[in-house]
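Chain IDs A, B and C follow the sequence of writing; residue 1 opens each chain.
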C-alpha cells in the first residue's frame, strides 16, 4: 500500500513478540502454564483452543491488562512483562475486546480520531494557539481517519453515533479503532463472534488487507474456517498449556488437537 | 459558518445585555449568572468530559476565594495578583486530592470527593485564627487592574464575561484536540482508551486539576465582588447548585453550563417568593432532568436539529450528549 | 494519660460508632444487593428522628413506641422511593442513579425544611436525662439505649440475612442478580425489601440518636457522610466491614476530639478514610461480590 507498509513487509521474519514461560495463576487455578510462543513481523498467527483453554487470559497478559504470575513478554526486543495497558498501547500493541467495545456516544469519525491518540503529538496547548503544526496534524488526522473508515466500509457512517450502528458495523468500527493507533501488533479477540458466514468471509478479507498494511496480527478465534483460511500459523492451547504449533493444515490434523476439539466443533481444513 | 455567525451574535448579545438591564439589581443578577457559568464550565470538565461525578467542587471555589481574600486583606496583595495565586492554590489542592481520589472510579470517587470537600469545609470552619471561622472574612477589596476597579455589578459582569468566553474557548480547543479526545475516550470506555495508549489516570488528573484551577479563579472573583465570604461557599448546597446548573443545561457541552446558570439564577430569583420551596423545585428539576432529559436543555436543540435534518444518520437520542456542544 | 478519661472517651466513641454502624449497614446493604450508591440514605435518618419527634412529642405517644412507628413509616417510604425512582432506573448508567439519588436527597432535605422549619427540635425521651454509672464511666441511659438497641437490631439483621427466606434471597441477589432471577427469585420484591430494611435501620438510628442531640432538617447530610466514610472504609457491600469501620470511626473521632481538638474531630474521620483508601483502595473488608 504505502511506503511504510512495504518496509514492514520486507522486514518479515524478525521476531516482534516473544513470550517465554508465561504463567498465570488465579488462586489455586493455573489458567496459563509455562507458555512459550513467538510472533514474527508480518505474520498472522491464530490462537485456538477449547473454551477455558486460557486464550483470553494469555491475551490479557499480552495487552497488559493482567500481569503474569511468572514468565516474560518481549515486544520488539524490549521487555514488557507487567507493563500496564497504556504502555503496551503506546509501544504499538492494539487490541480488540471479546465484548463489543467502542466509544458509544461519539460519532464514528470521532471514535477513530480519539483512537489515533498515539499517532499525534500536538495537544491542547497547540489547539489553543492554533499553531500551524496543529492544523496540519488535524487535517492529516481527518484524512487518515476517513481513509480508515473507507478501509472498513464505514465511510458513509462517519457522522453516525457509534451506538446507532448495526452489530456488524460496530465490529468493523472496533477494528478501525484498533488500526487508528497504527499498531505494530494487532490482537484480535474473537473478531468473528456473532457473525454470519458472509460477514465472516468479509472479516477474512479484511484481516488479509490488514496484513498488507504491514500490521502483524495475533487472533483468538473459534471459527475454524476463518482461522484456517487466514492464519499462517496456529498455536493451540488446552487447559492453559500449549499442545501444538505450526501451519494450519498440519495443526488441524494433529491427533491431539482433534482429540481436544472432538465433539465441540468439526475441524475442517 | 452558521456556527460562527451564531456565536458572534451570542457574544454581541452578552455584551449589550447589561446596558438593557436598566437597574443595578438586574446587573447584579447578570454578574451572578456569569459567575455560575464560569464555575459550571469548570465543573463540566470533570462531569461532562471526564464522566466522573465530583461532589467536592465547591471546596476548590472556596480555596480560591479564601486564598485571594486572605492575601489581599492580610498581606495587602493587589487582587490582580491574588487571582492567579488563587487558581494555583486551588490547582495544588486539586492535584493532591485528585491524585488520591482518582485511584477509584464511579460512586467511590464521588464519595471520596465529598469527603475531601468536607475536610476542607471543616478546616475552614474551625481554623478560626486564619479564616475567622463561621464569621467569615469581610471588607475584601474590589478587583482592580491598574487604574481600573471592578466595584459595580456591570464592571464585574464584563470581567467575568471575558473569563467565561476565555474558558469557553479553552473547552472548545480541548474537545477538538488530541487531549480532549483522550478525555472523551476515557469517559466513554476507559479500558479501550488505555489499550490505545492513553494513560487514563494522568488524563483524569489533568482534567481535574484544570477544573479546580478555574474553580479557584471563580472563587477569587466572587470574593472580590461580594466582599464577604464564609465557609458556606464550600457547603453542600453550593456543590448541589453547581451540579444542578451543569446537568440542567447539558453536560459535556459548552453552551449547556452557561444556559444552565441562566436558568438557575433566573429561577432562583423568580421563585424568591416561594422561599424554601425553591430548593425543592430545583431538586425536582434535577431529578426530572436526569431521568427524562439526560442531555439537558441543550439536547432539546440537538434533538430538534436532527429531526429537521432528515437524513439517514439518526443518532440514538439517549445518554450522554456528544462532545461538540453548540458553541462552535 | 488519665485512664478514666480515656475509658470514657472509648465508651462515647463506641456509642457514636454504633449509630454509624446502623446508618452504614443500610447503605452497604443497598449497595451490595442493588448496586446503588444512595445519597438520599441520610434523609431517612433525618425522617426517623423527625417522625419520632412528631409522634412522641406532639401526639404524646411513648418514646419507644414512637421510635418503632418511625422505623416502620420510614421503611414504607423507602419502598416508595425504590418504586418511584430506583427500580425504574435500575438498568440506567450509575451516573444517572447517583444523580437521581442526589436529587432525592435534596428533595427530602429541603422538603423537610419546608415542612418542619429550619429551627432545631428536641426529641423527648424518658432516658435522656437519667445517668448510668458503669464503673468510672458515666453515660446517659439514652446513650446506653443507642448502643443496646443497635446491637439487638444488628443481631436481628444478621439472623434475618442468614436464616430467613428473604434474607437468603437478598444474599443470592447480591452474589449474582441474573442467576438469582433465573432461579425464580422475585428481584423486584428483593429490591423493595432491601430498601425497607435499609431505610428502617437508618430511621431507627435517627430515632435513637435524636434525643441526644438537636435535630435539624439538614442532619441527613451529616448522616450520609458518616455512613459513606464507614462504608468506604469497610468496603462497599460488606456488612462486617461496616460494623468494624463504624466502631473504629466512632472511637477515633472520640479520642481525636478529646485529645486533639473538638473542632477538627470531623476532619479526623475524613482523613481516616483517605489513609485507608490509599492503603487499600477497595476498603478494609472488600473482596469479591456478595454480602458478607
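Throughout what follows, a residue touches a chain if its C-beta (ideal position, glycine included) is under 8 Å from a C-beta of that chain, and two chains touch if they have at least 3 such contacts.
Please read these numbers as outputs of a predicted model, since none were measured by experiment.
Arrangement of the chains shown, judged by which pairs touch: a linear chain-to-chain path with two open ends. Farthest chain from subunit A, judged by C-alpha centroids: C. In this assembly, the C-alpha centroid of subunit A lies 41 Å from the C-alpha centroid of subunit B.
With centres defined as mean CA coordinates, subunit C is found 32 Å away from subunit B. Taking each chain's centre as the average of its CA atoms, subunit A and subunit C sit 48 Å apart.
The multi-chain contact residues of subunit B, meaning those touching 2 or more other chains, are 319. Subunit C contributes residues 31, 37, 85, 88-89, 93-96, 98-100, 102-107, 110-111, 113-114, 118, 221, 225, 228-229, 231-232, 236, 261, 263-264, 266-267, 270-271, 273-274, 277-278, 281-282 to its touches with subunit B in the complex. Every residue of subunit A that touches subunit B in the complex is listed here, in rising order: 63, 65, 84-86, 88-90, 94-95, 97, 101-107, 110, 113-115, 117-118, 120-124, 126-128, 130, 134, 138, 157, 159-161, 163-164, 177-178, 180-181. Subunit B meets subunit A in the complex at residues 169-170, 173-174, 176-182, 184-185, 188-189, 191-200, 313-316, 318-323.
Residues of subunit B that touch subunit C in their complex: 51, 53, 55, 100, 103-104, 106-108, 110-112, 114-116, 118-119, 122-123, 125-126, 236, 240, 243, 247, 275-277, 279-280, 282-284, 286-287, 290-291, 294, 319.
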